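Consider the two complexes below, in which chain A is the common component and chain B and chain C are the respective partners.
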Partner chain A sequence: MSSPDPVIIVEDLQVAFGEKVVLDQINFSVQPGEIFVILGGSGSGKTTLLRNLVGLMRPRSGRILIDGKDFTAMSSVERMEIRRSMGMCFQGSALLGSLSVADNVALPLREHTKLEESTIEIMTRIKLELVGLSGVEEYLPSELSGGMRKRAGIARAMAMDPKIIFYDEPSAGLDPIVAAGLDELIRTMQSTFNLTSVVVTHEMESVKIIADRVCVLHKGRVAGVGTLAELEQTDHPYIQQFFARRPDDSDLADAAYARSLTDID
Partner chain B sequence: MRIEADKTADETIITVEGDIDLYTSPELRKVVLKAVPKAAIGVGIHLGGITYMDSSGVATLVEGLRSAKEHGKAFTLIAPSTAVMKVLELARLDSIFEVRSD
Partner chain C sequence: MIDVVGQVGRWALSQLSAALQVSVLVVDTFVWLVIAPLKGKGLRWRSAIEHTVEFGVRSLPIVGMICFLIGVIIALQASYTLDQFGANRYIADLVAVSALRELAPLMTAILIAGRCGSAITAEIGTMKVNEELDALEVMGVNPVKYLVAPKFLAMVISVPSVTAIAMFIMIAGGWASAVFVVGVEPIVYVNQTVGSIVEKDLLTGMIKSVFFGVAICWVGVYRGFQVEGGAEGVGRQTTASVVTAIFLIIIVDLIFTVLFYYV
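This part shows the complex of A and B:
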């Protein structure tokens, strides 16, 4: 049996800020219904890659195909249409502080659909129930804990029943128990709605629980793509180092530092 | 999505096929909320041919149920497909609806 067509295909992507190339030769595809993790250390380019995938930035070259359509070459109207099938869960949740939790979740439905207010109200309550936030509809975001704000962010990302959901560092800054609860929620959302999920993270514990496949980024390039088991078998030094949680070689770092000051090798 | 309404002496059967999503659910809502007050005893929504239903579909069914309660009518889901049941179960709303096989 042939595998289904990928939902996302990234081809030879290059992203630059001015002259500085921050992502180069990026190639991978995401299958429908899988949880695809983009993993990498600080400064590896993973958040920049995510911004390109959701259309918040444009690459210098290469293509991103969403459902077979070139997302990078579309008009803004066409891109907006595709973005309606996407949900984005921002790292800081990005809830509007002046709106209640329910109004935050309802906002995309009020802005982008012609649904009746009574329908929106029920949909909002369903989404909050799904993420375990029943009963806090009228709270302001500032009245929620960090974990609850993340859940509210997921509820809002789910408001339009997206086909693809993107999570930027979902468990960053959370204690291990709350983070584990979020991992479970991401899995439940994926399995129930057959959601294609792209998760940017550097948390190995989360990766072990949620990832179907992983793309490891290092210095703006793909160090490897595969299941966790496959990546554990590779001999790529950075992947080995990342998985083993080993620090950089400090002797080499010291030598580079000395060179930069003295110009002496 | 395809909708067909069939009024019998006791019950109005609304048969829905295809996808119920953000774009199609307003049409279903209109048909359901119009049928409920006019039905003799109640309304049955045949959901055997639904391939996909999102939360706007769930909300539409909840609104139909609310309206039926207000009008003292029955509101039954008939032969809901797996796609329908899965979403109702996740929303923990499967138990609030009366369901029959056919």
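This part shows the complex of A and C:
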């Protein structure tokens, strides 16, 4: 079976804060239309990896190819262009607090297109309906519940009809029912629009539901990449431990590792 | 000893990188304010107008009140000396010249720095903490274009406009206390004021105030982008924003005063 060209290719990525290497020898690729989950515990570097993928951070070395173009080496103008084909949902939703929900969703359209205001209004309503949020257009983000804010964040990420969508901890801080609803939404988005999705999470429950393939990060390195079934077969101790939800004997060692990354000298 | 040298070196390096970041910000603001609109990439006029109302119109009550009181105070202080020579009518000259050349621009700038410079820092800082700046970046919206350019325009319009009104109010304050407390003839005071003002006084004050506005905005924005950590970081930078802005205002004031002294 010949697989189509990957949408995202990460080659030998190394990321460091000053002297501290937080990601090293990261290699994987994401196929078009799949849901690719980056799984890892606290301090594993998964959020850092995501920030590199969307270009909010520059790696020390290695390449990130998006649609075959080197995302790390392009000028900021080119990067802005590529970004229009990408959407991102932030952990805290990151809706602009001074704008209504509708204005938040309409923001990329207003900034990047020359569409009529009436068209933008209709498109905004469609996107909000898509994520199950009709009737809250005029609310401010602070007036919404956590789950609704996440949904609004997804609607905003979808505003420009991206080809790739990134989710940062979509179910963090939500109750299981709302979280399950979001998992379902991520699945629907992917199947409806054939959307390549990259999800960063630490929730095994949602991984089981959404993941086509999983990349497990441990202490800044890839512990394994594959489907969930493939990963369950591996004997990597960390993966086994993570899947079995067993506590760490060296809990303190992990805490110290996390601290060594976040410490600022 | 080596410690001291190291400290000085680190301080110098951090100042240098701050200067670099500020100059990047300056260039970016200029590009988005002047060059981009020429290329047909619009400025956010609505936001600029909203900020002008916030920075300018809403600052008027407090600036007006403070400037009126300072006018009252200078007039009384001037009378303390001038009275001995029977020259109370010159209170008008003193109030007018100091209001136009120095005090109205300075007080306005300091008050707007405290009111709006801090608000700019807090807004941008909070947005940074909430990943809103990252979100803008990922959406391909330049934060300088979206956030800074409208604020900059608003500040550069507001500060001189408020200053012009503050000048008038300060003179009115001087008039009130000179007339009602010291006992100068109202019409004498007015004539004396009109006679003492020259064009250059007004110009000096207005030019200064434009640059005060520039300083307030850039310090506010720079400090906002500097925020690290959570709410605590926002608080720290907001305080720093006001202190730095006032310091810069005084420095700018000094530079222009020296300049106008020779010109």
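The rule is simple: the second predicted complex is superposed on the first by the 248 of 265 C-alpha atoms of A that agree within 3 Å, B and C clash if a C-alpha of one lies under 4 Å from a C-alpha of the other, contacts with A are read in each partner's own complex, and residues count from 1 in each chain.
In this section, contacts are C-beta pairs under 8 Å (C-beta built on N, C-alpha and C of every residue); 3 or more make two chains touch, one makes a residue touch a chain.
Just so you know, these numbers come straight off a predicted model, no measurement behind them.
In the overlay built on the shared chain, the residue A:G97 is in contact with chain C alone; chain B does not reach it. Within the superposed three-chain model, A:E129 lies in touch with chain B and out of touch with chain C [touch as defined at top].
By the touch criterion stated above, A:S75 is placed in contact with neither chain B nor chain C.
When the two structures are aligned on the shared chain, A:L56 is found in touch with chain C, with no touch to chain B. Counting the residues of chain A touched by each of chain B and chain C gives the higher count for C.
Judged by the touch definition given at the top, the superposed model places A:T119 against chain B, while chain C stays out of reach. By the touch criterion defined above, A:T192 lies against chain B but remains apart from chain C after alignment on the C-alpha atoms of chain A.
Legend: residue contacts after superposition of the two complexes on their common chain; A:M88 is shown touching chain C, with no touch to chain B. Of the two partner chains placed by superposition, only chain C is touched by A:P108; chain B is not. On chain A, the surface patch touched by chain B in one complex and by chain C in the other comprises residues 160.
Partner chain A is touched in their complex by these residues of chain B: 21-22, 25-26, 29, 54-56, 58-60, 62-63, 86-87, 90-93. The part of chain C that touches chain A in the complex is made up of residues 123, 126-127, 130-132, 134-142, 146.
Across the interface of their complex, chain B is touched by residues 109, 113-116, 118-120, 122-123, 126-127, 129-130, 160-161, 188, 192-193 of chain A.
Note for the complex: chain A touches chain C at residues 51, 54-56, 80-81, 83-84, 86-88, 90-92, 94-98, 107-108, 111-112, 156, 160.
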